[in-house]
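Quick heads-up: structures coming right below.
In the two assemblies presented below, chain A is common to both, partnered first by chain B and then by chain C.
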Partner chain A sequence: MLFKLLDKDEFKNLVNILLQSNEVIAPKQVGVNVTGKTLHQYLPVTSFDEIDLTYETTQYSAKTYFLPYKENLSTYRFDEKDWKQEIRYRQEPRVMLGLHACDIHALLKLDKVLARDNFPSPYYIARRKNAFIIGIDHEPCEGGFCRSLGTDTVNNGFDLFLTDLGERYFVSINTDLGYRVLLQVKTKDVTEEDTRKYLLTRKSISDAFQTHVNVQNLPNLLDLEFESKVWNKWGQKCLSCGSCSMVCPTCYCYGVTERVSMDFKSGAKVKQLYSCNLVDFATVAGGHNFRPNRETRLKYRYYHQHRGFVESYDEPKCVGCNRCGRVCLAEINPPDIIRDIQMEER
Partner chain B sequence: MRYLSIEPTKPKVAVFDFTSCEGCELQLANKEETLVDFLKAVEIVNFREVSSAKSDDYEIAFIEGAVSRSDEIERLKKIREKARVLVALGCCACYGGVNKLKNAFDLSTANREIYGNYPKDSMPVRAIKDVVPVDMEIPGCPVNKEEIERIIQHLLLDINYNFPVYPVCVECKQKFNVCMFEKGQLCLGPIARAGCSAPCPTGGLGCYGCRGPAADPNYDEFFEIARRRGFAEQEVNERLSFFGGFNGIAMGVQK
Partner chain C sequence: MKIPLYHYDIMKEREIQQPVDFNRHRRLKHTDKTFKAEISSITTLTDMEKLFHLRILDEAERERFTFLPGQFVMLEVPGYGEVPISISGSPSNKGLIELCIRKAGTVTGVLHKAKRGALVGIRGPFGTHFPLEKMKGYDILLIAGGLGLAPLRAPIFAVTENRPDYRKVDIMYGTKDPSQLLFDYQYEQWRRIDGVNLHIIVEKADDKWTGDVGLITKLFDKIEIVPHETYAIVCGPPVMFKFVCAYLSKIGVPMDRMFVSLERRMHCGMGKCCRCNIGSTYTCIDGPVFDYWTVMNLKEAI
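Entry: the complex of A and B
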């Protein structure tokens, strides 16, 4: 990793340069909620002033720019004898500016499933390869437990990563492209004093975490607690509305439907992200539903997050952003559920 | 045009309106970019809003609206006898719709309130299925033309059509909306059936559940959430009864 210092007005120049030839997605304030808290979303921006890098969190994760909720996988045109298939991958360059470490970790986890496992997705890879990622450090968000999962800092999966030192950013450079992009603006070398300041900033962020979740040996604990009453307690509350999966930065389950044009001359396969909490998620041909109860569906969502994914990839799928906990009207959240499961063993 | 080696049929279709605003019928005539193909795919033999044809020879009858007069019962029964497939089109036909709100009042008072000294023949509003057997129900206020197109395609190719069973929240999230509850508004999204693409929350209005309940809705928790967020029982119950899809469901009443 290379490190440089970037004055904030130079950073503004950098953003303006990127805006000239790329679509730039960045955190933008979209309103306030009923308690007066500001709400942000990752949205396309056209000027530096629209960007708010001091955002606490976003309701929706950065996932949707890599795994859109709806995606046309393939279109077909038919004539009487033959048919033609057309597939389009999204390749336009895109800058993802101001991602927090959890969202970058989420992409690294998605990479394992969608870019490197047995069935790599060309749709995902095309979007991923053509994204330039600039991350940024931040004070812990409310309810966020990324520190417990080791996703509060990040060592790869980005081009540039910023830590705010007041007048300037401490920039971690992780790729050749990041280095070359940074050459277009004035940077300074890092002094010992800057390093000290950076480490102090990092420590103060680390020390500020309020929410801690013990995930040690959690996969085994979950196996042991498969029949626990805890699942019924939380399952009874679940609305099966799928909101948790929609905002989750790593939920990637989907369904594919065929759409036919009204003249019957063309068709398309359309992929739509789905949720394992939805009532018909495990309904199969013939109408049998393997998971007809809310509590079973909720349980399996947690099993994929904290057990199944660990068995496949040696790490949990969850990044600790607590977006699911925040969005859930029934107040179902990972810290409380995991704590309950651990209490069962005492 | 054959699709996947299946030759679509071209059924004779009729559309009839009962007690309603005719907005769902208007939806059938909407979406101009595919309207010509839509009308080519079927043979319209009786549909007052789009054609002067008035044939009684039809296979599929779309019924828009609820039943609120005695002459409507007779008319509906005759249509049922003739139609091979009878489809309830829209919220009024499926559940009674907004019209059904009058059932909560004394009917003669309601009649006087609206028609003054010229009362009309009127009876408690009923959904189509409460009068004749219904083969298919397409919910919504109004119905979604895109969904109608898909349903017609399925009917023509003789393939089963599956309505979404999940709540509106899924489609609302997929529109990147801020949750209506987060904005301090009541919303039936968590218990109402999706398929509409959440136009109301997207436009800033909480869901009124015009498509009826989602499959296996969690009413207990929904009422708990409404209570916790300070919504009065009366407000929730008025919302639930607005379109008639949540018949018999009310906050503060033991099931």
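Entry: the complex of A and C
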């Protein structure tokens, strides 16, 4: 990895240059909630002033731009008894600016499932490889437990990564493209003093984490506590709305439906993100539902996050961003469930 | 000033330019490209089930399509939907895909209305298969309950077509009542094969039924099983294979020599949609064929 220093004025220049010829997605303030807290989303921006890099977190994760809520897997043109199938993948490059470490880790986890495992997804890969990612360090967000999951810092999965040192950014350069893009503006070499400042900033961020969760023993514990009453307690609260999966940066499950145009001349096979908490998630032909109870569905969500994924990839699927906890209407907070399960042990 | 960002064109990848072959799991491919196939023949089996013969139209695609007993395909009727269906035919019958389909929902409903010559889309084959190689030189139990005969018919073909590779073969089949018996026109053929015994039982007899009556496990009274010399394939509803496997386990057949085929909701067949996921296990990739020991460890399988 190479490192450079970038004055904030030069950074603004860089963003303006990128904006001139590319689609740029960046954190943007979209409102204020009842307690006065600002709300942000990753949205397309057209000027530097729209971007708010001091954002705490976004409501939706950056996943939206890699696994859109809805997309056509293929389209059909019907002609009498015959049809023609068409498949298209997204090709245009896009700048993803201001991603936090957790969102970059989430993409690395999604890569394992969607880009490297069995049946790599061309839909995902086309989006992923056309994304130019600029990450940024930040103070811990409220309730976030990424530090417990080792996702508070990131070493790959981005092109450039910024750490705010006040007047300028400390830039980690991870790709050749990142390096070439940076050549368009004025940068400075990193001095020993800058490195010290950078390390101090990093330390103060990592010392600021309030929420800690032990996840090491979860794979085994979730098996042992499969019948635990804890699941009933939290399951009874769950409204089975699926919001947690929608905002989750690593949830990738989906359902497929087919649409036909009003004139019957065309149709589409539509992929739509789903949630394992929705009631018909595991219903099979004939009507049998393998998971009719909400506590079972909630349990399987945790089972996938903290046991199943670990078994397959040696790491939890969760990145600890706690978006699911924030969005939950029933106030189901993942650290609370995990602590409850661990209390069962004693 | 402009910064030309790297423009990645996935269509330039060598792998994706190769013909789509779902047997090559790791190769980058058009995962949602379907092989266009025509319904070449329809056989009515019962009021609820029909056997469809499909023929892939493109000759090269037809040549490449090979499967092993126990695997399934995703069958798409454009405009209606896509469903996972296990293959019922013989792996040696190249170019012909036989699917036994129960009328159960939107897609299967419209298929039951379809006429010969209608076009459907196929992706696959997907999933694991019954380990017929390992079973060579052993006694074979092929056990089906209800619609379970649909996936079991593929290994029945494989075993009977390679008769010398296996020792004694017992086919056991049970349904609720005689009207639900599938493939009844093939029983005589199976019975006449040397060393193949067919045992059929129904839970409720009608006026004409002269055979056995009761649950499928009752058939075990008639069969001599040498536990350490036996492999079993069991297809049917969970409640049925649970009792069958429990019996076999009790008499000493190792659990890793019993194979079952699980049914789950599926929207992709490729380990992506998660609908068939049981903890960390994808029924579409790690299954649908599992040995019974693995099934015992899947918390929700039965």
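In the analysis below, the second predicted complex is superposed on the first by the 345 of 346 C-alpha atoms of A that agree within 3 Å, B and C clash if a C-alpha of one lies under 4 Å from a C-alpha of the other, contacts with A are read in each partner's own complex, and residues count from 1 in each chain.
Convention: a residue touches a chain if its C-beta (ideal position, glycine included) is under 8 Å from a C-beta of that chain, and two chains touch if they have at least 3 such contacts.
Computed from a prediction, not measured in an experiment: that's the story for all the values here.
**Q** For the combined arrangement obtained by superposing on chain A, do chain B and chain C clash, or do they fit?
**A** Pair status: fit.
**Q** For A:C238, is the partner it touches chain B (first), chain C (second), both, or none of the two (neither)?
**A** The answer is first: A:C238 touches chain B but not chain C.
**Q** Using the touch criterion from the header, give the chain among chain B and chain C with more contacted residues in chain A.
**A** The partner that reaches more residues of chain A in the superposed model: C.
**Q** Could you say whether A:V260 touches chain B, chain C, both of them, or neither, answering first, second, both or neither?
**A** It touches chain B and chain C both.
**Q** For A:Q210 in the superposed arrangement: first (chain B), second (chain C), both or neither?
**A** neither
**Q** Touching A:K70, do we find chain B (first), chain C (second), both, or neither?
**A** first
**Q** Does chain B (first) or chain C (second) touch A:T195, or do both, or does neither?
**A** Neither partner.
**Q** Once the shared chain is lined up, is A:V30 touching chain B (first), chain C (second), both, or neither of them?
**A** first
**Q** What is the value, to the nearest 10 degrees, of the angle subtended at the Cα centroid of chain A by the Cα centroids of chain B and chain C?
**A** 70
**Q** Go through the superposed model and pick first if A:S47 touches only chain B, second if only chain C, both, or neither.
**A** Neither partner.
**Q** Could you say whether A:F78 touches chain B, chain C, both of them, or neither, answering first, second, both or neither?
**A** Both: A:F78 reaches chain B and chain C.
**Q** Nearest approach of chain B to chain C by C-alpha atoms in the superposition, in Å, rounded to an integer.
**A** So the smallest C-alpha to C-alpha spacing between these two chains is 5 Å.
**Q** If I apply the document's touch criterion, which positions on chain A are contacted by chain B in one structure and by chain C in the other?
**A** Overlap of chain B and chain C footprints on chain A: residues 78, 260, 264, 267.
**Q** Per the contact definition, I'd like the list of chain A residues that touch chain B in the complex.
**A** Interface residues on the chain A side: 30-31, 33-34, 39, 41, 59-60, 64, 69-70, 78, 80, 236-243, 246-247, 259-265, 267, 272-273, 275, 278-280, 294, 327, 329-330.
**Q** For a test of understanding, state which residues of chain C touch chain A in their complex under the given definition.
**A** Against chain A, chain C makes touches at 1-11, 16, 25-26, 28-34, 36, 76, 78-83, 102, 104-105, 108, 117-119, 121, 263-265, 267-268, 270-275, 277, 279-281, 285, 299-300.
**Q** For chain A, which residues count as touching chain C in their complex?
**A** Interface residues on the chain A side: 17-18, 20-22, 73-74, 76, 78, 81-83, 85, 87, 89, 91-95, 113-114, 117-123, 125-126, 129-130, 132, 177, 180-181, 184, 223, 226, 252-258, 260, 264, 267, 269, 274, 276, 281-286, 290-291, 296, 300, 303-304, 307-312.
**Q** Note which residues of chain B are touching chain A in the complex, please.
**A** On the chain B side, the touching residues are 1-3, 8, 34, 37-38, 40-41, 149-150, 153, 165-167, 169-170, 173-174, 176, 178-179, 181-184, 189-191, 214-218, 220-222, 224-225.
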